[in-house]
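Okay, so chain A shows up in both of these, paired with chain B first and chain C after.
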Partner chain A sequence: MPSVTENPAPPATSQADRPARWLRSILSNQQFFLIVALIILIAYFTSRDSVFLSSSEIAVLLTNFASLILLAVGETFVIVSGGIDLSVGATCGVAGVVAAFAMRGMVNGHDSEALVLLVGTLICAAIGAGVGLLNAALMNWARLVPFVATLATLGAGTGVALVLSNGVPIGSDSSALAAGAAHIGPFPYIFLVVMAIVVIAWLYLHLSGYGRYTFAVGSNPFAARAAGINVRRHLTSVYVLSGLLAGLTGMVFYIRLGSGAPSSGDGFELIAIASVVIGGVSLFGGSGRLTGTILGALILTVVTSGLLISNVSPNWNQVAVAICIAAAASLQVLRPASRRQS
Partner chain B sequence: MTTASQPLYEARHIDKSYGSVVALADVSVALYPGEVLGLVGDNGAGKSTLVKVLSGVYNPDAGDLLLDGTERHWKSPHDTIEAGVETLYQDSGLASDLTIGSNVFLGRERHKPGLLGKLGFLAQKEMEREALADLERVGITVPPSKRTVAQLSGGQRQAVAIGRAIAWARKVIILDEPTNHLGARQAIEVLSVIKAAKDKGLGVIFISHTLPHVLQVTDRVVVLRLGKVVRDAPTSDFDAESLLGTITGLIETP
Partner chain C sequence: MGFQHSMRSAGARRGLALLAGASIAVLAGCSSSSSSPAASSSTATGAAASKSITVAFNMGAEADPFFIAMNIGAEAEAKALGVKLIWQGDPSVYSPSTQIPIVDQLLAGHPSALIIAPTDPSALQSAVNQALGQGIPVVNVDTHVNDLSKVLSFITGNNQQGGAAAADAMAKAMNYTSGKTYQVVVGASSATTTTNTARLAGFKAEVAAKYPGITIVSEAYSQSEPAVANTNVNNWLTKYPNLKGIFAIDGTNATGAAAALQARGLVGKIALVGYDAYSTNVALLQKHVFAALIAQQPEMEGKLAVQYVVDYLKSGKSMAGITHLLTLPNIVLTPTTSASVLTQYTYPNA
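Showing the complex of A and B:
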């Protein structure tokens, strides 16, 4: 039987080089460095002020994380598929404002709090999915590239949120605020709900056929199409998913603020993309791990919360985020055995 | 019924243009079961366009495609795959960030049994294992590992792509430049894999610039020049010089 290997299969690993191989696989793993960086950051900020690790401060940190991670998860699917979604922050604002109008009516009509939040969540999800569908339509029919299509909806979404709300937060929902503050130990409910979604997203990205197609489309769209995958339909679903998660983030903000603020998601698209990049997901599409994105979002949340606690002006936040991106990106290039053959 | 006298796969009077550029003009080719058909021509002769018409990537502007004597209208590559026609595309058939097993099963993933499978979860270990067995069955051995295709050498990558096409094909295999990127020894191995596919009764369309390979492995040769079929004859009618002359147009064709 002919064989088309260039080299025979490598001999079984001998006992002697097993530790070396183990060490190398750790050193070539971006996530190992991210975990180390995270521990160092937490230790540093705790040493600056021990309140950083207090139960209440952890709850604040996890709530901040919950406002970011769904955007970053959606962005991960999009970037793995070879695209980019700049509209997630604006989507979050529009969804929050529109849902807040409906919820304000319900609160004034004395509907039960659970029903109010349920309806708000559904509206946010629907609006988010709608924006995602619009993004996909701009790509499929108007033939715009993802960057331009989602830049257009970023602008339109921001504008619509401001027009609808006249630039002021909509509603004043004290029971939503209470729901946002509720927690078990240091874990806010809102964080636990969001994490449940993140876990499901992880399962689907890495273990399901849907995730496999997302990687395949991002790695080589032609090969995916040639293998019988409906690339256009798959990409549409990816942008709808990203929009849906952005809409749900609008609801997270509503619960945190007790109102729908038009500018609540402003600039979050960049922090979401930063989380993905820091997490080692390739901007060219086709490779990456959702756990990387989660670590990236955690690092950014810890840095911004830590700077606040250390009494550094919040104006420095963007500089800190920029440093994190640059450090993580150069790490990807510099770490050993990571260079892919093209 | 398929008989030796009825073509397995046939293209009749195919036209295809890109804007004002005519890529294929009135092209007819027929492939019989157990036959290796060579498709040759200079760059721009229309070989890759014809491949993409035959594999359902492009719709022809005019003309008919018949599989087993039945007229077919492919809407996408998915349709041709379903019908038993596998294609190896030049250079771009694999998703290089995915593992070997994921590539072999791309588009026909196997799901876990029971509820997990219904929810869309994949039987990844089973696919990785079967992919290596499938490749071995058609004569291709790759190192058993969870490596991505990007980490394989050019030759190994090509072997995986060919192996995938042959392992899945039920009727026709279209191979666009399968011996590209291969060393001499590997190329010979690919040719023997093609012969094995032919012996199983599959029809093979073999596109190559490497004329010695064409002369060695094919039964019949179709020569394209500027989008037209200029010669369709048994391989035994050609030698390297006359084949090259026909391709370049130095030898006048009837």
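Showing the complex of A and C:
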């Protein structure tokens, strides 16, 4: 049960106190810190090698970002609703592999590339949504908690992807690769399409009733039900949404790699969750902002790309990600008690 | 609440300061430990290098001892020639889905040359084509892409011969006598990587020609993960109680298979032939866990790859002294091989 908001009794206002409180309210804004951190990181990596800010490098960075952000957005909805979705990486792989089979048939039949990509996207979305429904079914009927249900789907999805593909990437679609590489200035088209989806998701989460219900369910499911929200149905839709976005990410990987690789999403669920945590979304549910997740995903992408550009040994990557998570999580401690979930 | 309140003020500030300090230390450590002789490249051999040359070297499973040895050879050559080497690859995953984003990133930095060990011959073809389109010379090491016509050079060990030599070593270790049947299995990393396919083809051809009593009852893939290889071998040991031989087609499979045999106490009862002279596996060879190890020369491959691209660039794109398809011989190491030869061909660690 959430704590009763404790309003700290205003201390006797002395000269020393006032600047501290003002400073504290700025510092307690997670996103301020994230933006500052982002600027510092970009400046640091550019100083290591100025190619970091070149147009081609930015294009690669934004493509990496596009591969991650949809997963992070789906994860945000799920975490805000009070749950967690560990299956998104595997859903990517399964959706990509199944769609790749269909697309390979179409490419061999010389269908137009636009049609091929459209069909592929629809198949990926459908499979992703299907996995989401499976997650919801496990939670509603088998009464599994989200962690366990999505863990099961993670294993099943990874396995199915390997079985179907025999472990090898499916298809060899050079026109898809061309579509993946196409860009306008430093912005790849794939990044622009993905950002359009992210904007729609933001509108949903923060400006619509759907988003408000999600926050309500995450912060107090009992009160939400008492207020007339069909919690089961809402949670089902949240997991379907997360699965759908994961399926679409499978399509992003296909366009990026020119083939459906069963292992394309491996480990990405943890990076997606890391983005959400860095973004300041509470893992207990009920609070957070999507812009935080976007900044978190951007920071992780900048760090991993920057380490590569600076020619740091790749073994440091995971340490760097861990430091980002720890630093972001410890910032939560600076928030006043009223803003923290306990 | 009171406890949390005080936690926020004192302990939290200390914790944050510690974290900030740690981050700065790590970032500083990264700067000094990263392999970037950028400072040396501009000052050393100023006469020969009028424009600084950057060689991007990309592979999968970067922490594999085979590639670590290759790195040592490449770094030494880069230092000697005064060029900058960018060595990047996913540390543990050998797969195009992790390799392609990295090679894209490397090409976006416009290196002077690209040396790549592709994890899949068709998946990496477009990255190679892109580099060639940018006018960047490309060398393939260890594995190759489908179309080598415009690639400057392809340097590898003799995989076909390696597979055949493995078959010979296994037959000898099993005391092969014609008329008897022997069940053997093959542990590989990938069904499409060119090294694996060539070694398997060489093994099968030698078996068909000289050892018709040997039957390959199963092949399994481990994606270069020793733990997966270990599981595969354990499953085989359960399923085939009469198993006589295991061909571990690369170093990670060799590691996983050796561990499984030792755990089950089957050392000496099953002829295990491995590939790649990891120092850990050479030690096991001396204990007769392995019947034989087929050693390649990764340090030499790395050295030659860097040497070829730099020669090509510095000589104004002349092919003099560059072999298009270079196959280095393998060395078969057995428990009776002399210590000095073992030391010479064991892959260096760091």
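By definition in this document, the second predicted complex is superposed on the first by the 309 of 342 C-alpha atoms of A that agree within 3 Å, B and C clash if a C-alpha of one lies under 4 Å from a C-alpha of the other, contacts with A are read in each partner's own complex, and residues count from 1 in each chain.
We take it that a residue touches a chain if its C-beta (ideal position, glycine included) is under 8 Å from a C-beta of that chain, and two chains touch if they have at least 3 such contacts.
Just so we're clear, the structure is a prediction, and the values are computed from it rather than from any experiment.
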Let me test your reading of the model: by the given contact rule, A:Gly218 touches which partner, first (chain B), second (chain C), both or neither? first
Figure out whether A:Gly83 sits in contact with chain B (first) or chain C (second), or with both, or with neither. neither
Which partner chains sit in contact with A:Ile229 here, chain B, chain C, both or neither? Use first/second/both/neither. first
Pick one for A:Gly120: touches chain B only (first), chain C only (second), both, or neither. neither
Chain B versus chain C as contact partner of A:Ile309, first or second or both or neither: second
Counting touched residues of chain A, say whether chain B or chain C comes out ahead. C
I'd like to know which partner A:Gly280 touches here: chain B for first, chain C for second, both or neither. neither
Tell me which partner A:Pro146 touches in the superposition: chain B (first), chain C (second), both or neither. neither
Under the contact definition given at the top, report the residues of chain A touching chain B in one complex and chain C in the other. 3, 6, 342
Residue numbers on chain A that touch chain C, as the complex places them: 3, 6, 44, 48-49, 51, 54, 56-57, 59-60, 63-64, 67, 166-169, 172, 174, 177, 181, 253, 256-259, 261, 263-264, 266, 305, 307-317, 319-320, 323, 326-327, 330-331, 333-334, 337, 342
How about chain C: which of its residues touch chain A in the complex? 1, 4-5, 7-8, 12, 15-16, 19-20, 22-23, 26-27, 30-31, 33-36, 62-63, 86-91, 93, 95-98, 100-102, 104-110, 120, 122-123, 126, 130, 190-192, 221, 223
Quick one: in the complex, what on chain B touches chain A? 55, 57, 76-78, 81-82, 87, 89, 92-98, 102-103, 106-109, 111, 119-122, 124, 136, 139-144, 148, 150-151, 153, 155-156, 158-159, 183, 186, 189-190, 192-193
Given the complex, residues on chain A that touch chain B span 1-7, 9-10, 203-204, 207-210, 212, 215-216, 218-220, 222-230, 282, 286-287, 340-342
